Structure formats: C-alpha cells, structure tokens
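Quick one: structure below, then a few questions.
Labels run A, B, C and D following the written order; every chain starts at residue 1.
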Amino acid sequence: MATRRIDVGVLGATGPVGQRFVARLGRHPWFRVAWLAASRRSEGRRLPELAWHLPEPVPEDARDLVIDAATPGRGPRLVFSALDAATASTLEPAFAAAGHIVISNASSHRMDPLVPLLVPEVNADHLGLLAAQARDRGWSGAIVTNPNCSTVFLAMALGALRALEPRAVLVTTLQAVSGAGYPGVPSLDILGNVIPHIAGEEEKIESETRKILGVRRGDGVEFHPATISAQTTRVPVIDGHTEAISVRFEARPSLEDVARAFASFSGRPQELGLPSAPARPVVYMEQADRPQPRLDAGRDDGMTVSVGRLRACPVLDVKFIVLGHNTVRGAAGAAILNAELMLAERLLD
Amino acid sequence: MATRRIDVGVLGATGPVGQRFVARLGRHPWFRVAWLAASRRSEGRRLPELAWHLPEPVPEDARDLVIDAATPGRGPRLVFSALDAATASTLEPAFAAAGHIVISNASSHRMDPLVPLLVPEVNADHLGLLAAQARDRGWSGAIVTNPNCSTVFLAMALGALRALEPRAVLVTTLQAVSGAGYPGVPSLDILGNVIPHIAGEEEKIESETRKILGVRRGDGVEFHPATISAQTTRVPVIDGHTEAISVRFEARPSLEDVARAFASFSGRPQELGLPSAPARPVVYMEQADRPQPRLDAGRDDGMTVSVGRLRACPVLDVKFIVLGHNTVRGAAGAAILNAELMLAERLLD
Amino acid sequence: MATRRIDVGVLGATGPVGQRFVARLGRHPWFRVAWLAASRRSEGRRLPELAWHLPEPVPEDARDLVIDAATPGRGPRLVFSALDAATASTLEPAFAAAGHIVISNASSHRMDPLVPLLVPEVNADHLGLLAAQARDRGWSGAIVTNPNCSTVFLAMALGALRALEPRAVLVTTLQAVSGAGYPGVPSLDILGNVIPHIAGEEEKIESETRKILGVRRGDGVEFHPATISAQTTRVPVIDGHTEAISVRFEARPSLEDVARAFASFSGRPQELGLPSAPARPVVYMEQADRPQPRLDAGRDDGMTVSVGRLRACPVLDVKFIVLGHNTVRGAAGAAILNAELMLAERLLD
Amino acid sequence: MATRRIDVGVLGATGPVGQRFVARLGRHPWFRVAWLAASRRSEGRRLPELAWHLPEPVPEDARDLVIDAATPGRGPRLVFSALDAATASTLEPAFAAAGHIVISNASSHRMDPLVPLLVPEVNADHLGLLAAQARDRGWSGAIVTNPNCSTVFLAMALGALRALEPRAVLVTTLQAVSGAGYPGVPSLDILGNVIPHIAGEEEKIESETRKILGVRRGDGVEFHPATISAQTTRVPVIDGHTEAISVRFEARPSLEDVARAFASFSGRPQELGLPSAPARPVVYMEQADRPQPRLDAGRDDGMTVSVGRLRACPVLDVKFIVLGHNTVRGAAGAAILNAELMLAERLLD
C-alpha cells in the first residue's frame, strides 16, 4: 500500500498540536506534509522563523514551506486541522464543501450526529456515518474528528472493558500544560500549583465518551448508556494526562476479568497494521507507582495508553489509573491514525 | 485563660512537621516550647545547626534549646509528637505511661478504639474516650491523635455535610511533597511529573474518616456508615493537598443545601474561641478556578479548609474541590488545636 | 509623622507589580490607596472581579474602588506607576505635567539625566535632581524611578562595597517568572527548563547600576566608573532573583573587609526609620547553601537583600551570591520606599 | 571493525548514571552489556525489580542479568564505572590491578597525574599516559576517566577556542537534578527554587578543565595556563546543565573569529567516525533564547554541546551560553566515547 506518499496539508500549523502534526507527518510512511496554513499573523513565513516548541527539529519536508492562507480549495485534498474551535466551526465545513477530507482535532463538530468521532480501536465502524454526512450536507469532502485529549484515554480504557458493560464512571484528571496550547497556561499560575478547573473539559469528557462507545444505528450513533462524571485539573507537567477512574459495571467483575480485558484489547488498527498503531493499544503496568507522565507518556511513540493500579473500589466496582500522551494519542497522533484508517479502508480513494 | 504560657515539648522536632510545631508554638499565646527531642543523630545539637525547611526563622524560644533524647519522663507533661509511625508505636505509649499527655500526629495509634482521633470542629466529644483509655491502659498520661493530612480535609468537608447523611464518597487527592517528610520525595521522581501512588494513604483515608465522623457510644466510637473510596497521587506542589470529591447522600440534596451547610459550618473551637481556630473552618470560594494550593492553602494561617466548584455529580449526588494546608491543618496546626481544645475543656488540669 | 494617611493612586493596578502596590499600600501606615487606573480593558471594574495573583487577599481599602481611566489630572497627587514601558514613556510625563508626583517602576525614564533612579540606601541624594527636573521640564509634578529588579539587588550589594572601589563586575542572574508580568512566561516554555535570555535586561543592568552608584554633580549624575557585564536567565521560580556576582576592586580587599562592608551597610531609610526600611538592607547568610529564593526572598517582608557564599575569585577578586524579592524590593516595595523617603525628606509637601 | 560486540560490565549499575550506561550500551554497535555489579543491597536482583529512572525501558541485553558483587577479577575485561567517589577510590585501582580496563565516571582518580582525563575531541592524545600508568602502578589493566559533567561542556567550548588562547574564564552553572544521583536532591529543596551551592563542584571545574586542556609532556600533562572561576547552582531541571561563560583571551578576538572556531571544531572521534561521536561536537544556535535544556540537551542523542548568545563581554572579551546533557555527554555517553576511542586506537587489544 501507498508506494508513494500522499500530499497532505495542516490547518493551524503553528500551535503545539499543529507542530505535533508537522513533526509526525515529517516521518510518516504514507503521508507527506506539502501545505501549511495558519492565521494571518503567520502567513508568508516559514516554521523555522516562528517559535517551535518540540525538542525534535522542524522536519525536512516542512522546513521550506511558506505558510499559506487557510482558504478552502487551496492545498491538498487531505488536510489535518489543528484549528481552534471558534475558527474550525465555520472553516472546516467550508473546506469539506470545497472537497477536502478534513481530519480534525477541533471540538466544533465532534458532537454533530453525522460526524464520526473516532478512536479507531473502539469505533472504527463509525466511519459509516460518512455516507449520510455527504448526502445530508452535500459535501464532496468530509469531516472526521478525534476526541478531546482526556476523552481518548478514558474511551480507550472503557473500550477495553465494553464487554463487561460499564454503567457509571467517575474520573478525575491531572492534565499537562501542553493541552492548553501556546502561550496557554501562564507559568505564574501553574508553577508549584494545581488549577482545579479547565473550561469546558468536563462536559466534553462526559458527552464525547458516550458517543464514542455508542452503537451505530442507521444514519446515527446511539449513545452508550454509561453515566460519566468528570473533575478536571491542571498540573505542572509538560506532556501526559493522568486519570484516576472508578467504574461500576452491570455486574461486578473480578479484578482478573478486568485485567484480562485490558490485556486482550486490540482493534481495527492492529488488524490492519496501520503505521501509527501500537502493538497493544492499552498496556497494563504492574509496578505500584506507575504509570507516570514523565516516564510513560511517550511509550510506543506516544500512541499507547498506560493503565495501572487496578484494584477494587468500595463505592463503585473497580478503580485504576490511566495515562496517555495528550498531544500525541490525545491529538495529532489520534488524527493521523484516523487518516491511516480511512486510507486503509479505501475511504480516501 | 492561660495568663502564663504552659511549657510543652516536641518529639521528632527536626522533620518538616516537627519544624512546623516549633514554628507555630514559637508564637503561641498559651504554649511555650521548652523541650525538643529527636533521634540520636540530632541529640545535643540545636535547631539552627540543622537543615531548616521553613521560610520563617527558628523562633526565639527554640533557638537555644539543646535537642534531648526522647526518653519518657523527661520534658514537660504536654508533648507534641511528630515521630514517624514506627517509633511512635512504642514510644508514645511509654510517654503516656510516664504521665505525659501526648498530642500525636503519628498514624500508629489513630485507629486504637480508645484513642481519640480528633478534628475538633467535627468530633470534640471523642475526647470522652480518655477516661476509658486511662482505665484500660493504666496510664497517668494519655494519647490523643489527629488524622492523616488528606483525611482532615475530607473529614471537615463531610463534617459540614453530616446532617445531609453522606453515604458514599469518592475522593482523588493531589498531594504536596511536604507531606512526605524530609528528604521525602526525590526531585528526580516528581519534577514535571505525577506519582499515582502514596503507600498506605488510601487505606488511612478510607478508615480514619469513618472513625472521625462516627458517634461515641459508651467507651467506644461507632463508625460512620459512609463507604469511602480514595485514589491518592503526588504532584509537584510544596504545600497544600487538593481533593476532588464526589458524594452520594441518603437523599439527594440541592446544591443550595450543600452550599448552606458549608457556609454555616462551625464547631467547638469556634464556640470556645481557641487561638488557632479560624473564624470559619470551611470557606467556600465562588471563583471558577479556586481553591488552588499556592494561593489558598495558607488562608487564616493555614487552618481553614477551602472548598470550591460545587456542582451536581451525574453518578453520585454532588461533587466539589477541597484544599487544605497539609503540614498545618493537616498536621502540626491540627495537633495544636487539639491541645488548645483539651486545655479549654480543662483536660490538662 | 503622618497622623492621617495620604491618598495615593496606582497606575497599571492590575498586573503583578500593580497588585503588589495595592497589597502593600493596603497595609501602609502613611499611604492609603484611593484611586486605581488601568488599561481600557479593566476600566469600570473592581479588582476582586479580575484575576488576582497574590496569596494575600485584595485589601479592604482597594476592594470597592472602581478602576478609572489613566487620565492625567484625575486621582491623587501622589501616584505609583506600574505601567508598561511603552505606555509610561508618554503617560508618565503627562501626569507629571499635570502636577502628579509619579513614583514609577517603569523603565522608560530611568536613564533620563534629570530623573532620579533611586535605591534609597545607596543614592538618596539623587533626589536633588528634582529641582533641575522641574525647571527644565516645566512640570508642577515630578517623576522619580526605581531600577529594574535585577539591578536593585546588584546595586545594593555594590553600594555596600562602594568604599572598596569596585571596578569590574560580572553578574549572571537566575530570574523568577513573576518578573515577566502576567500572563508573562508561558508554562510550556519554563517548566523544568531554563531560558537563557531576557530581552533588554542585560543592557538595563549594565547601565542603570552605573547611574545609581554615580555621584550627583550639579544638575546631573556622573556615572560610576565600574564596568559591568551581565548574563540573564529565567528559571522556574515564582518570586526571587538569584545573582552570581564576581567583582574586581581598585585594590584587592580581604574577604573580611568585604564581609564587614556588607554587615555594616546602612543608609538614609534606616536613619529616618522609614516604615518599609528593613533594619539591615543587606543580610549576610553563613550557611553554605543560602540564600535561596523560596526560603529567603521574603525576609523582612521582602525588603532585605540576602548575600551568601562570599569567597575569593581566581579571575577577579571576590565572588558571592545575592538574592532579592523581585516584585517587592525589586519593584513595588522599592517604589514605596522611594515615596516614603520623599515624604520624610519633605519633598511631597 | 567489531563484527562481534565486545562484552562489557557496569560497576554501580543501579544509579542514574549506571542506568544511562546500561541503556546506551543496550543499543551499542560495538559493546554488549554482559555483567552488572552494584552495592550489596542490589546483589542477586535484576534491574527490572529495582527503581528505573529513564523513560526508555531496561534494554533486552540487561533485563535478565543478575546483579553481581563488585569483585575485581569477575566480569569482562572492559568495565564502565558509575561508582560513587568513595567506593571508586579503592575499588577502581583493585579492578585495574586485576587486569580490567576501567572506564570511569567517578571523580576519584581524575586528577591523578598518570590517569587520562579525557574529552576525546579535546585531548585524545592524553591516552598516551597509559604506558606510564601501567609501568608506574604495575597494573595489567588501566583506569581512564571522563570529567565532571559541568567540566565537560566548559572544556569542549574552550577546546574549540584553544587556538585563540583563553587566559581567564568565569562560569556560572545552572545544573539539573539528575546530576546529583538518586535519591539526590529532595524535592522539598528544589521545587520552585534555586540552590546556590553544589559541594565540591566549583573546585572540580576549576582544576579539571586545566588538566583536560593541558599539553602532554613526557609522562605527564602540563596544565593549561587559563585561570578559571566557577559559581555553581542547582535548578529545577531534570536533564541538561546550562553555563553562562565569559572568557578573556591572550588577544581580544572578533566575535566572528569565535563563531568560526565553534563552527569548525572537530576532533579525533569525528575523524575516526566513532559510533557515539556527533557529526559536530559543538553546535552554535542563532536563536536569541537558545540553547535551553528541555529543548536542546538531547540533540544528537545527547552527545552534542549547544552554544548560543555569543556577544562581547565588557569586562572580559566574549561571553556566551553553553548547554550539555549531564548524564549523557557529561557522564555515561562521555565514558562510552572514551571506550570507543580506545578500541579504535587499538588500546583494548
């Protein structure tokens, strides 16, 4: 497959998630970043002239690209969007109408009933919504989204446990500052501190997770019946969101059942051998004090979700810790995996 | 009351909690630190010669005290204990047998059925256990304890809500490094990181809270019926534990009921006007992003518990954030308040 | 003196330095904050409605003040300016022309030959420039400035050593994030990191210090002959700038001479007993690992400069570490001390 | 060369530097880690059972090795030493006497006149001391050392400038916590703080640098005549030491001369194409705010020293910022490069 790399574009290429897109596409076997677009402020400039937040350098492919205006119809058919929600709400549909396949990390269209909200290991079949999307909107292109970063990790953990029928979920997140973009969280606010509030985050976790775990019926998705309650906090960590999760199931499973479900979890990306798919989407760590963001978020190039500390919960049924890399599996890596899935499923032909 | 300050001692005076004892007693209206004891390593030295971890200086009273051996019978009748649990388990009873009133921050005897585990605003009447303690153990002295730091803040929040009949509680903590003593957590482990495990902490929160909220009956305490489930994490914060809490009650209260219960909460220390008692033991903050450890842990000299972000919980009934100063209200300040209560209740006569 | 508190205003009251002004003036014996002005964005609002960055609350006096437009002629005669340099460059002269005494923390007019750049312990006599300033500019008011934060601490250390005739100075700074204002340094840039550049800072240190240590002659200041070379870095610290300093003198002094000069240093604020004047402007610490920002920056309410680690320098003559609180002695506290000096010297009559 | 990997051992394999040795040797083309030794506490255990501080996992080769006693004569001929100085002072000579080639990161023997203190790009010819070492000590093995971490980066920068004849050097370091080993610096001491003291570090920088830059004459090394003055501080950074350096030369060079010297710097490892040798040992960064530890310490797998901010120094001649990875180029990577050099120079035959 894909003997020649397909040209792709990045919308919003200058923020932390846009930069993660550029960095990962720069060494991607199937895709080649050929077009960058950003806000008017960056137009006409090149990435090496702007602030770059990653330890790895701007990749070869992207170094000389002049940043273009984000105008629908310009750039390749396949575009990755790291736009902010306000811009994405009108610009992504315009790109889809102009024939682009928009693989979006923005929140704007995630809850649109006709837009797939994908975690490929969990709900690859939600791509089936695209036919109805094209019909209903009259777009020659399409919009496909990945979830909010904290939601991805929760959805993968619950996806692994879906057969055990989760019914109620409490999650407290400890989120890294890279999730807030750039300049993002002022250092004066977060150094040696915790901020117990992230605007809109709890609502996203509580609603997006139920759509992801939902069942596709006809032209829509029937939401999963689990009730979810989230408390979100910001902590002084660069990359990696930690989540303390408790779950009640339809019937109380043994800890062995739960551990087995994590260990055996696999999905369509693993079947298809997608380039960004980790061998095991969820890795259970036995050590008492793991997973930790600084040591574990980068596992398998940031695409694996780490789970640990599984034990009985006296209030619900079981509790455990989940960790994922927020700008990789929680953003750019998630979107790229979505595009790989679509290519492998021949939805980009 | 207390026209002359009463001489007191500090056991384990050199660690972070011991230093908090010394610092606070150094400016206390009723107590005067007159005797310091610590491990053999520090014997014969003075505090200014050892590592001191607080921004405030070693107080006048304590500066010239030569650190003594921790031998029962030496030192004043009233001693504060910042001993580690292993040492406290045998040394505190020996002090009590030798006639000392041991006001202990150690975990060793908290769950002893005849030892009061006090949060004076919540269960001042548990001091009633002391009669049975004296009878049963044959001690001329006594042991009185304060809870684990994370437990204090949870117990105060739940104490405020006791009339609403809490039945199930989920708490995730984000704990400061000063809670781990000194040298405590290596910087290599915690800088820019989260450690999702604190040995023994979850068990303490789950059991101690139920004793504190329990009802004294005869010579014992009947534990509170609420079920409690804790997940504890360490974060790169110096002072101040943050807790994300969800509670289910016997009957679902309105948010107004809960807010009113926090606002009207008061206890015996406020009635008695104890010197360390804050005007309001629990302060509710209206701002969306508060409380925060760096800004709020020190409120009222560290003795107030701050609460914020009260909202409905889709899984249990309500959720909110609680914050307290772990080495003050969660340790040294808690113990000193216990001693003030005993003095005011004429239990030190 | 000052039986009634004098009404004062604060220009730029909403940033970190502006907030320090408000907080300190709120408990000042001579001044009463009666007027707040800020940018259009904050006009008409009150401080408690805006982001507040200090652990201490908005003081009583200031809580109900409605933020006014920064219009010359409005507000009290004495105004403290925490304006940014761009705004201050035109607005402060307009205030001075309208009759205000502007006590400024901004950099705009520091190097103006007729504007005193004060460190009251070092060059209180530079207030003598005000007569020429009034004559030359035709202002009924005046502008008086304090130095850049890093400069204050260096100037105080060198001020203490002035009689030893310093001739060459190398200084490397490790500066706290609160020095960069708010939102200031993005957390993504500084968490677990060092930024070896602060725009314009090295030039300020190299030039301002020589003016401060200079001798007033006629209507001007003859700069001090020492050559100064600065390297400035930003580190993940909230408050407190650390400086590693090496000095060559006209004749190599003994370490005892230098230590004695630090210990005996005192100035006009100490003579006059100004309310913000620390008993000793420079405190030498004997411990091998001090001063440290988290433990020592707040000494004497942040007004003392701490010095430590005095030893011979194999290249120049001596080297040592200096530490000061950048938003207090390096900004708001410095300006307030300037105003106190002017009041005591009857320059505000 | 080296068609089969040579078996090597690691002394002190469980600390942060020992772990770096194991991790890097696990993917080394010439060496294969076949023997681990550590203190009695770890004997008989395997690395995966102990605390592991690196994000990368314990390498395949090392996973099943049982940690042995550090007994001379056991283990392969070539051993890397990450021992602490006290242990190394007697144990390394015992290993050398028993026929081992000890490639040591410990400080104990660095200043021994017959022990090469190597930075292969700067003084590869100091290996010539080994003949005299064997003769004088009667060892069938040998000891070769790499410098203190901060010294390596300074020595490489000065090595690049050697032809310009540096005569006086002032350096202030901002050092990462991983340089202090494990548990190392308590988090309570360094979170949001600076510690302006690292025991023994300044002396090492001031003396070791002069040996490294010295000229080998007969059986010894004539020290370089430059005078060096160091001030060392610890900052809350995980990996990467930053150094602010000022240099006076025999004759003041232009900034272009200095820049050209950095750009053209290369040495024996580059000539020989050693596996750990970076293409360019010193990389000059043009951006005003670089190098930074979090972004730049890992460049070229941590083996490159980054330099930036070159400008004139008003006191000496030029000043600039240097950054290196302290546990790689400043420790384990440095030692491995030394071993590669010895192998390529046929000194291990």
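Basically, a residue touches a chain if its C-beta (ideal position, glycine included) is under 8 Å from a C-beta of that chain, and two chains touch if they have at least 3 such contacts.
Small disclaimer: the values here were computed from a predicted structure and weren't measured.
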Contact tally winner between A-D and C-D is C-D
Relative to chain B, largest Cα-centroid distance belongs to chain D
In whole angstrom, the CA-centroid distance of chain C from chain D equals 42
Multi-partner residues in chain B (2 or more other chains touched) are 53, 191-192, 236-238, 294-295
Per the touch rule above, chain C residues touching chain A in the complex are 16, 53, 177-178, 182-192, 236-238
The residues of chain A that touch chain D in their complex are 53-55, 191-192, 238, 294-296, 298
The chain A residues in contact with chain B across the complex are 168-170, 172, 174, 191-197, 199, 206, 227-229, 231, 233, 235-238, 240, 242, 244, 246, 248, 288-295, 308-309, 313-316, 319, 321, 323
